[in-house]
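Once you've had a glance at the structure underneath, I'll fire off some questions.
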Amino acid sequence: MSEKLYTHFRVTISEPWIAHVEINRTDKLNAIIPEVWLELRTVFDNLSTDPSVRAVVFSGSGERAFSVGIDLKWASKEGSPFNPRPDDHVDPARRATTLRRLGVEFQECITSIEKCEKPVICVLHGFALGMAADLCSAADIRICAKDTIFCVKEVDIGIASDIGILARLPKVVGSYSWVKDVAMTGRNFDADEARREGFVSSILPTKKDALGEAFRIARNLSEKSPVAVQTVKHFLDHSRDRTVAEGLQYQMAYNTAMIQTNDIPVAMKALISKRVPTFEKL
Amino acid sequence: MSEKLYTHFRVTISEPWIAHVEINRTDKLNAIIPEVWLELRTVFDNLSTDPSVRAVVFSGSGERAFSVGIDLKWASKEGSPFNPRPDDHVDPARRATTLRRLGVEFQECITSIEKCEKPVICVLHGFALGMAADLCSAADIRICAKDTIFCVKEVDIGIASDIGILARLPKVVGSYSWVKDVAMTGRNFDADEARREGFVSSILPTKKDALGEAFRIARNLSEKSPVAVQTVKHFLDHSRDRTVAEGLQYQMAYNTAMIQTNDIPVAMKALISKRVPTFEKL
Amino acid sequence: MSEKLYTHFRVTISEPWIAHVEINRTDKLNAIIPEVWLELRTVFDNLSTDPSVRAVVFSGSGERAFSVGIDLKWASKEGSPFNPRPDDHVDPARRATTLRRLGVEFQECITSIEKCEKPVICVLHGFALGMAADLCSAADIRICAKDTIFCVKEVDIGIASDIGILARLPKVVGSYSWVKDVAMTGRNFDADEARREGFVSSILPTKKDALGEAFRIARNLSEKSPVAVQTVKHFLDHSRDRTVAEGLQYQMAYNTAMIQTNDIPVAMKALISKRVPTFEKL
Amino acid sequence: MSEKLYTHFRVTISEPWIAHVEINRTDKLNAIIPEVWLELRTVFDNLSTDPSVRAVVFSGSGERAFSVGIDLKWASKEGSPFNPRPDDHVDPARRATTLRRLGVEFQECITSIEKCEKPVICVLHGFALGMAADLCSAADIRICAKDTIFCVKEVDIGIASDIGILARLPKVVGSYSWVKDVAMTGRNFDADEARREGFVSSILPTKKDALGEAFRIARNLSEKSPVAVQTVKHFLDHSRDRTVAEGLQYQMAYNTAMIQTNDIPVAMKALISKRVPTFEKL
Amino acid sequence: MSEKLYTHFRVTISEPWIAHVEINRTDKLNAIIPEVWLELRTVFDNLSTDPSVRAVVFSGSGERAFSVGIDLKWASKEGSPFNPRPDDHVDPARRATTLRRLGVEFQECITSIEKCEKPVICVLHGFALGMAADLCSAADIRICAKDTIFCVKEVDIGIASDIGILARLPKVVGSYSWVKDVAMTGRNFDADEARREGFVSSILPTKKDALGEAFRIARNLSEKSPVAVQTVKHFLDHSRDRTVAEGLQYQMAYNTAMIQTNDIPVAMKALISKRVPTFEKL
Amino acid sequence: MSEKLYTHFRVTISEPWIAHVEINRTDKLNAIIPEVWLELRTVFDNLSTDPSVRAVVFSGSGERAFSVGIDLKWASKEGSPFNPRPDDHVDPARRATTLRRLGVEFQECITSIEKCEKPVICVLHGFALGMAADLCSAADIRICAKDTIFCVKEVDIGIASDIGILARLPKVVGSYSWVKDVAMTGRNFDADEARREGFVSSILPTKKDALGEAFRIARNLSEKSPVAVQTVKHFLDHSRDRTVAEGLQYQMAYNTAMIQTNDIPVAMKALISKRVPTFEKL
């Protein structure tokens, strides 16, 4: 078992192939400040190419919240991007340029979860407010505890979120009427509603149960060919955004290398003989 | 309270910020003729930039129908686009040109609901047939009364609708098998099925209840920053149609002006002090 | 009644306008080998322009399986694309070229179901594993028997499927978390789960009932204007993949010819007089 | 011969089928103010569907300039979009909203030249500065007099043009290095350079000669099938912006109506018998 | 030396790796009828995967014409797609469907030149009218004899071409003003103009010289790694139609197999030692 | 004057606002190894946001070459990506993954020139082979000395370049026939041909003259509003890749912040009074 302690994250590998990433600001209910999202990128970029990891479980530390979203204390402080100091640049085009540079980096940090080559299973519990939605919508599989309270809160601080949730939500669930409802009103919704609308794929009684289920899925994934699992993730994200024809053409280009893998005969032999296969690191 | 009477619509502002648009052809069950869709565009274009409006409730007058769709009497009359007079232009390319010019304008009229900068909550009840689906699928939030009967009827008059529903339906609900089923068969579906498939986001017992719920949502929206609410609507419609990467890039470009708004400090202060904020007109 | 016996398919026309296509390898549980997918294309290309056909029911023969997917015996045999002979071309770029040519043809075979101008109703029962998902996701309407077991199995043989399911699944159901779950784990899911997630639009007690329901839908479709029904299919598939604006522009271009059809007055007259219309062949 | 005098334009039809549109602010060197671009849209929207017009020649009145671009006096006046009054809305998001509404309308006015169904031949002479480039790049064919001085001037007043030239220029000429050069430096270029880079397709000694050549082309176009000519314009503009595959699919959809035209046998008969054909109005 | 005689084409392999395809209707000036374009597809589909071919030279037989385009005798005959028999289907939607099926196949035949995996060098001479432009714009390199007369003739028979030239021309040359000019007027242009505008890349004095130059290029290409040459062709056609970012992503996916080729060390060794490399068949 | 010495680059600021970036491996004719492209990204990322820089001149040190492209010694060494060690990973899918990670980073390094917010003027001289084309095609303006020899060499080492040139070349010049010619044959072309085809926008007698011209352009650019100049660069690169409609929509979103800049009144006042304006840093 290894554990790596970042400033705001704890990354634990307690069983082969599975990394557990926890947001680790328990006393702040895992509220998010710039240092958090910058470090988040480092965490997921590292896991992306770490050959000893085949699946990631992503959760928030403590009992009360996955995350309450952006740290309002930070955001409302003079000097934050949302509250410039009187002596800050006042030319709107120059302020826009500063905001854009920060914002693009912010987007890239959130997107590092989606870009992570390994599957990411996000476990939600307690409060999952505002930026929590941006974070978890960039993960692959979302499951939650019964007590989870979700919301797309940014609208209540005068902002249309531009870091992920509004770009991903129309593609993550089916009912566009519901998407507009929760994104424009910023209202809370609970685990049952999240499940009914397809935002999460299962509900477990407690955070502990949800983590257990996430590890069960992660274990399952880590026993399969990492070439196949990671390519499936990439193909789905690529095709979600494109025509079926473009998706097919890209997949074929990509797969002409991937299906030359030795994992296929290994997997087929194992399947036929009903044994657990062993795959080389990736 | 103000009320504006168009020929086929009634637009009422009975409380601050909320406009109620009603199709007003009760005796025809709100059947639609060209004058209706042309006027619809005028109505929504005006509301789009009216600074005294922050949310729109859209419904059909009378107890029996949101709308029975296109007025079959008009459509089947000699001289309509579907039934040319014997002495009308007979060159198929020239008839096509006439049909295209009319059709493009028709599309723009329906799309004026989507383009309206303010959120539009559509309340459905009774019959909601044929073109009713084109209209409501261009709105943001759909809720309905228990008695609503829906259908995508055009196929039964020999037409594949080209004014909205077939372009929007695959993006409005999740089950593509269901989309194909109702759009190819033109069969009726009721409120429960509409809710289960995500076409509407809630069902209320009666039209009156549904209108009450729509006003409750509208009131909620109108208390928030209009900059934030209207930008959320625009971002979702933009991203629904594009890759996540394109969505993120556009949102950042757009938001560099919008997040310079004074609404953000106003909203944050209100949120922290738990008071209702007041926002400048937009 | 006509019946056409292909090597691996049976195509029966037992009532006007409706073709029944059955995969006909009962003893192999309809497992799929290259001859099957090549013939599949011939079957659907023929039906696409056969004027005596207005709807297609697509199912698997026998009681035990729609299809168990790719024939593992074939796939694991030396000399298959997944298991090259030691003396086969070993230059990876040359092997890639061979794989691409085969793969592109394979994709086209599956896509022939989607490209078939006539609506295709797929009836699933028993095992519907692996490539079964590629096949049925290219059909228009999916219904299933209570006993159906589905899975996106390819990942278990070390492959990210590149022939259809991963390009279509994100667009066929609403919950992207569920899509990632079933596609990355390859786990089984049953009829109820398939219905709840929108992958099928109805469940019937038995295969026989499901076939009955499919024929009921097919009969309904075949009584309508074939111009309208086939155009609806095409518009939905086109719009699923594009912006609403692109969808609307294309539909208008396409429809300027289609709405000059005589089917419209015929259909309107029938609708008003409540009689069953008769439409010319297409 | 007919002549229609708008406030800022003169539209003359001095021979069958050909409309001559002139910017008519000679004493201001055809400098452009909001009234000009709003009226421009009216002019081109009317010509677009006028059945007595088959080609449009577009030029600037007077000897000295096609147009010197935006009227700097207007632009620099307090209260213009570029120079808000101290008591104007100061919230940057609200000012952005006002600018966007104006700007989108401004774009639509320029684009009315491209959207005009009839071919537009633009004749340039003398000064063709700043917004002149936005205007002429939306036309179909550009020819110029020897004395023409071009530039993409907006950069010199601190603006990256957002009304057309920067969206169209990369698609109007071949050398992207040249595009960047003239658009970033705002430097002048003359007729010879414009021809060498492909921005104009021919140079004539004088404005009068250039107008003569434009009328010669217009006359040629007006003797052909208007169905064919107008469809060619539309196909090229559609395909310029899309993949070859998308272009081909759209063209086929569009043409299934257009090639049913009687103009084809009329044109073929004329071609074979070497007589001038006569085509019905469009 | 091998020679394969099709009905309307002659395909000669007179030196290693290079196929010479000639349209072989000399007495008709290589005018094109449906049999020609259907056979064209067969010719290029066969060459595409023929491992003994690495480059294709494409020309027209005889001294007078590459091709005069569509055979007007055929096109104007009663019963052709452009001149239906009085007793042909008269429902415009049904005629449209027939035209679309024919047209899509026609497009695919032309596109087989672009889809051919091997580079195609088109040699033009004499008349190169109408459909000749559709054919040669789908080739990779165009060179011509001094005497070549080009035109995009379709507009003169009342048709906006929908089989290739209007989808490709905006991407084949730089000056969009020139594109509009030649495509809307259908006027002739000569070799010098074609070279100046970039439509051809070189002019040779005679057809014989031009063929010589084409063989010189083909020989050069056939001495290089076929993996590299064919991938370059594919990458350029893919990127021409997409954003730079999409192009780069696709190329990387495709190349992960291709740059594992043994051709790279072979080519590098040859380059360093200045010897001619030998590459395995592809 | 400041000078920053990187390992492989020299960055000099010898006059206000203008950075001169030189590839600094003179003795290797500026041949490129991985350290070079990684450092290139650092150089351009730093310049991108350096407020004291408004234009970048990019050239190669020494008299003989801008760059001879990839260092063949490095590329052919055992252990390079093109020549794996016998004991390297042999599973083709795993090698593909390694190659993709390296390749994506390589692409990002080249693209840092295009992403650099400041205009980049590339001065070419002597040999400009292979990867030199990838580098300079990502710059904004290309000018060259009379003696420059260009080629797209990668094909001669068995590779279809996937790091930039094949994605950008179809959009950088007009003649697609010429693009295919030089990219498939890898043949040399000289300054005159580069100018004629639009690959460079001017030729100067010597490297020194070309540098002088580049500084003249850079000086011109640096006297303008940096808001305007940098936005023009961004708009052109965005629009090059998208439909005109998408380009216009994005530009308007972006500009609602940028045209609130105080640079506009400053620039207009200067223009009217014919004085040189002074703009705030960006």
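Which chain is which? They are A, B, C, D, E and F, in the order written, and residues in each are numbered from 1.
In this section, a residue touches a chain if its C-beta (ideal position, glycine included) is under 8 Å from a C-beta of that chain, and two chains touch if they have at least 3 such contacts.
Chain by chain, the UniProt names read as follows: A, B, C, D, E, F = ClpP/crotonase-like domain-containing protein.
Note that the coordinates shown come from a computational prediction; the quantities given were computed from them, not determined experimentally.
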The angle in degrees, nearest 5, through which subunit E must rotate for its Cα atoms to match subunit F is 120
Repeat of D-F among C-E, B-F or D-E, where over half of the residue-numbered contact pairs coincide, is which pair?
D-E
Could you please state the distance in Å, as a whole number, between where the Cα atoms of subunit B are centred and where those of subunit D are centred?
35
Compute the distance, rounded to whole Å, between the mean C-alpha positions of subunit A and subunit D.
48
Per-residue multi-chain contacts in subunit A, two or more chains
92, 95-97, 171, 173-175, 197-198, 227, 240, 242, 245, 253-254, 256-261, 263
Touching subunit C in the complex: which residues of subunit A?
119, 140-143, 171-175, 197-201, 217, 220-221, 224-225, 227-229, 231-236, 239-240, 242-245, 247-248, 251-261, 263-269, 271-272, 279
Considering only the defined contacts, which subunit D positions touch subunit F in the complex?
72, 75-76, 81-83, 92, 95-97, 99-100, 103-104, 107, 111, 114, 154-164, 166-171, 173-181, 183-187, 197-198, 240-242
Which residues of subunit C touch subunit D once you look at their complex with the stated criterion?
249-250, 253-254, 256-257, 260
Over in the complex, which subunit A residues touch subunit F? Could you list them?
49, 91-97, 101, 227, 257-263, 280, 282
